[in-house]
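In the two assemblies presented below, chain A is common to both, partnered first by chain B and then by chain C.
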Partner chain A sequence: MSKIFILDTEKCIGCSSCAIACMDQNDIEPYEGDIPFRVCFTVEQGSDKDSPFSYLTMACMHCEDAPCINSCPAGCLSKDMDTGFTVFDNNNCIGCHSCAMACPFAAPCFDKDGKMVKCDGCIDRVRAGLEPACVRVCPYDALQLVAKEDYEKEQKYKKAKILAYMAFDK
Partner chain B sequence: MKKYAIIGFGCAGFHAAKSIRQVDPEGQITVFNDTGQPPFNPMLSTYYASDKLGLDGVFPFGTLEELQQQWSLDIHHNVRVDWVDAQSKTIKLEDGNKHSFDSILIATGARAIVPPSFREGGGDYYLMRTLEDAQRLRSRIEEGGIKRATVIGGSMVGIKVAELLHENNIETTIVDAASYLFPLAAYESIAKLIQQRLEEQGIKFVFGAQVSTITQEGVVLGNGNTLESDIVCLCIGTTANVELVANTKVVEDSPVKVNRGIVVDMHMQTTCPGIYAAGDCCEGINLQTGKTQIIGLWANAAAQGSCAGRNMAGKSTVYYGNILHNITHFMDMDFIGLGDPTLPGERHTFKKDDLIVEAVLEGNKINSINIFGNYKISGILKNHLTKLLMGGDSKLTIAQQGLLANQGLSWEFIKLIGGEI
Partner chain C sequence: MNTLERMVKAKIPSDETGIEIKRTICDICTPGPQCGVDAYIKDGLVIKVEGTAGFPTNNGALCTKGAANRQYIYREDRIRTPMRRVGDRGDGKYEPISWDDAFKAIAEGLNKTKSDYGAESVVFMTGYPKWYRPWLERLAYSFGSPNYITESSTCHRAEVMSWKLTYGVEMRPDIAGMPDLLVGWSCNPLVSAYPMGRNYYKYKEQGGKVVIIDPRRTPTAVQCADMYIRPRVGTDGYLANTVARLIVEKGWADMDFIESYTHGFNEYKDMLMTYSVEEAERITGVAAEDIEELARLIGTAKKAVVIPSNGLSHHSNGITTHRAVICLNALTGNVGKAGTFLPTFETFVDMLAGFHTREEEFRQEPFPKDAKPKIGSAKFPIWSEMVDEAQGMDLLRHWQTKDPYPIRAIYAHGVNNRMYPGSSLLLDMAKDMEFVVATDIFWTDFCKHADIVLPACTSFERSEVKCYNPGIIVYTSPTIEPLYESLDDVEIITRAARALNLDDELLCAGYDACVKYIYKDQDIDLDEVKAAGTLFKIPVDNPPDYLAGPINTSSGKIEFYSESIAKYKDSHGLNPLPAFEDGYDCPETEDLDMALITGGRITNAVHSRLHDVPWLRSLRPEPSADINPKDAEGLGIVQGDDIYIVTRKGRIKVKANISAISALGEVNFYHGYREANINEIIPADHLDPYSGFPGFKQIRCRVEKAEV
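Moving on, here comes the complex of A and B:
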């Protein structure tokens, strides 16, 4: 069953726990030159005290019609049919960065050998019935992984200020 | 049962076959290709030539047997199709055999250009398009003894070839008739900067120089000078393989229109009903100019092939077109060109440390963008530019703005290109 990541921007406090859990899960060492898959940041729209202000956290959106897949000349990216996650096998990756140019969300990262790496939705954890590391650690349930069907059906997701981690964030 | 024919089994041909099969489980899909290989990716040729990829890495979709089975295809390899007869709906193969079809896709790609005058000097030269080209260069490098190389063409392919020669400790000179690198994608300012960085690493350049021929000594220029070279690589572009439909027998007075490439509409259909074209052999819509143009890119060939396949199988599908866009990663640098750099407008520049982003704006319309030194933001800006041209929301999303800022762009510049503060 296809799953999607959602972020309730009203609940997120920008604590960065999700980004740190992601680094821990994926053995990312930023001080050794690794690029984190998940980033947390604030967006301030204007400088008045009432200006809108949001905390966001972003990693691969696992787009439904993922443009990165067909952009890869070496066939490294594909869809996992069970989870809907955009997964990769970077064995033949040539480091051309074409996937980065196709991705609207700056998700592809590169390791020290110049090979593409990115969020795989913690697919091994999810297959084992666990939550992705970022979701598991969020203290406010701001970041969640939900079944796509439920997201589309359930009213509660419509009401909240949700950033749906799907293609071209609508 | 419908009979489909696909001529050319590269990226476009493969995606068309796959799409047809996804829509029509019954139809007979016959593929003709003039090589004995599964769909090869020309983009990988320089990586194969420099031994960064093995043979198993250059066929991204699998082996012929796998593809034949997975998509139930009837694959005829090592046969050239000479002619398409639209009137009788048959194709003529080079061995004289004929084959009939109901619907046909031309996905014959392109071949490297070799001006006849270059051949007259009797010198040897290396091309970079096919697997054979890559194998030939790879063997020559392995043979050793190359001190000096000349690459004709300061193109994206030329730079990748220069990179691989340089990595093999060969003194490399790039020669081009233009006055700077990547004139179809880059602004002069950025091109000069790239040139400077490459010169610092030891690559030499000769710009504004016509090549008159190639001799055994090297490359002879229009001014009579010879660039002495142990090896010459020719990377001055490609020409679309259109000959098989150029003089086709027509139906209802609608010949297949061919400019530089085969002209197609948004359904990837040529001007002759029932004949489709996709990939490097065709001219689809350039979203910026509204005119048809060859946009010879891997992902474009995939999208066009898929669209053509679906339409051939009866599922009406539109591919609106594309913009010129390129990302080239070479010698630890990233250059990204989005949109047509020759379109007019005012130039705005953002510079911080190693990142340079320049944009040409006509009023508040973005005409083109150059990025040097950051691959991360390329996708956000490419998608933004494409969305604008498709008539979508003219603003970057909050998330995209935050990501751009996170990568070091100033809020002022983000606002300029479509942010909202």
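Moving on, here comes the complex of A and C:
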């Protein structure tokens, strides 16, 4: 069943536990030239106590129609049919960075040999019945992996609730 | 890669991959929120960590710090063997020695100091972690010294003091009991203790209303607050008393409750009447309508909890401010009922687990009866009476003046001088000692001033009994062998006790025998708990009916007017009422026109111990000060600029992080950095006269752009 990562921005505090769990899972050493697959940000505007302020965590979005796949001349990237994750086999990677240019989220990283690496959704963990490392660690369940179908149903229900409340108000 | 190779790379535990999960506890932060950890082990090495599912605090999750346990335990600067100093103190020249030789040297050094100057001239000190503290305290007393000092001299004990002074006992908010309103006064649990943060989220999901009051715009303020109030730093006492006045004036005070259960209301009320909204607006910077709204919310809620935090007590006006805040609960009768404040007590090593052990007996039994007064007794008598520890913030003065007796040796576990305001003074003191022993996991600056340095191991490499609320107990086993020649702290204390030839059979018998003594009254077989390696349940004591009394204060009631403080009204100039006092270290000048706040938690650090963990350091690579965008603009500073933070004690160079986390005129900076130690420029005598706590959070400063 196709799965998607969702982030509840009302719960995320940008603490980076997901980023650290990703480093632990994938043996990423930022001080030895590795680029982390997952990064957290604080985005703010203004100087007042109530001015806009939000927290985000970002890695590969596992786009349904992933532009990186078509941009790769060596065919390293593909969709996993089961999970819907954008996965890779970088054996044939020529380090051309076309995937990075095509990606709107700057997800592809390059290892010390110049080959593309990125978040693969912890696909081997998911296949073994475990959660992705970033999802498992999240202290506030802000980052989750859910079945796409369930998510869509949930969204429909939420929209229906809003409509219903509007009707009640009248 | 074939499937097996992929599984090994993905660290999937199974027989084929040879990866096994072993359970332990994260021991990086303070005991309360410590989490269960699944250590993924391959060939005797930790290759990954994960939170333990179903564990009482974390249920599978971990915080940023805990997630980095693998790099923490394998830090490059682990102390590897016992070491003896061969160079001058501070130059870091050491030679490896055997454990036997180390303990021989310790026995000789400490016993010689004892016979030359008296047992009290040896100070037993500790920083983090905390799990071995009862043993260290007992070691001090069995040795004959009353001087057991912990980092709690600057951390949480003042808060406990304030609760005990006012309510006779430490109180906890019953958030699960769903009060109508939760006021988190300088509380930032989403960052500082995430299991508590999860309770805030749960409370909100169930319809609870949250007010956060904090000079820093924290993630808790951003994500949890239905109303966020930002007072100027250190003015909380004025705000709380103004809110109290409005509650009294509007008739929202619970007069029946006050009549029955409190002491000194008339004096308190007279004091409140000197506070005004106009003056509050001027002093705190909070708009009048927000102050009035806050009073209305607290005053009219059926049940409200006004929750204070440690941060309030890290000021030179800390105890009075903290008391002003918690008095609001008694004023509105939000005490002793479900969904309000309930009494609590410590079970074992700071944990509130709902049942009593013999820990206090274990710690206190050998207290030397004819000992000279412990450090801080004359200067901070309330601390001295209420806390079973010497007040470490009087240590340096005591050492310098030899008043009332000389301090000549230090026996330390986990001590870091950067916890002390005027930090380098502690190193100067170490240099002057006849003998210094330092046990630590890592080579700290303090270790480099010791005569004997001993390697301790982490929680992954040892066993520990740990309890959680309600009545949950676990006894861990090592997940890996201790690294290098390290031993666990209690084993080191045990062997030191034996080498010192102390007349203390129990302490010399080691950890297992001691915990069995401490848990003697519980119907539980610790061997069985250890063998099972899982969580066990102990019956909890019936929660006492707080209001049925007797309340453990001098008057037997909740004290707006503290009789324990009144004893020192004249001798020490202390105020029995929670009046607002200025908390700065000096008057404002043109040179020092901003306020420095230190120690407010960031997600990737706990004190100094994680600054050298590469994963965590990579999240905020440079020591950075949060400065409001308008201040930055005025000073011509942009993101990432080098700046100086200047106080009357000196300056440090840091990077600018432009953010509305800081209010206009205020600078936030985290502590513990070797290359930018903020505590070095905090005056060592900027202390709360009630608790002895340093005013870490309110220092006059200025910010300058550093010339390139």
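Simple rule for what comes next: the second predicted complex is superposed on the first by the 154 of 170 C-alpha atoms of A that agree within 3 Å, B and C clash if a C-alpha of one lies under 4 Å from a C-alpha of the other, contacts with A are read in each partner's own complex, and residues count from 1 in each chain.
The rule is short, and it goes like this: a residue touches a chain if its C-beta (ideal position, glycine included) is under 8 Å from a C-beta of that chain, and two chains touch if they have at least 3 such contacts.
A quick note: this is a predicted structure, and the numbers were derived from the prediction, not measured.
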_A:M101 in the overlay: touching chain B, chain C, both, or neither? Say first, second, both or neither._
first
*Is A:S17 touching the first partner chain B, the second partner chain C, both, or neither of them?*
second
*Applying the touch criterion given at the start, work out whether A:P73 contacts chain B, chain C, both or neither, answering first, second, both or neither.*
first
_On chain A, which stretch or stretches are contacted by chain B in one complex as well as by chain C in the other?_
42, 46, 54
*For the complex, which residues does chain C have touching chain A?*
6-7, 9-12, 48-51, 58, 60-64, 66-68, 70-71, 190-191, 194, 197-198, 201, 217, 219, 222-223, 228, 230, 603-604, 614-619, 628-630, 659-660, 663-664
*What residues on chain A touch chain B, complex-wise?*
39, 41-43, 45-46, 54, 56, 58, 67, 70-75, 91-92, 94-98, 100-106, 108, 110, 163, 168-169
*Can you check the complex and tell me which residues of chain B touch chain A?*
15, 41, 43-44, 47, 52-53, 56-57, 60-61, 298-299, 302-303, 325, 327, 329, 334, 336, 375-380, 382-383, 397-403, 405-407, 420-421
*Which residues, counting only chain A, touch chain C once they are in their complex?*
10-11, 13-17, 19-21, 23-25, 29-31, 36, 40, 42, 44, 46-51, 53-55, 122, 124-125, 128, 130, 133, 136-141
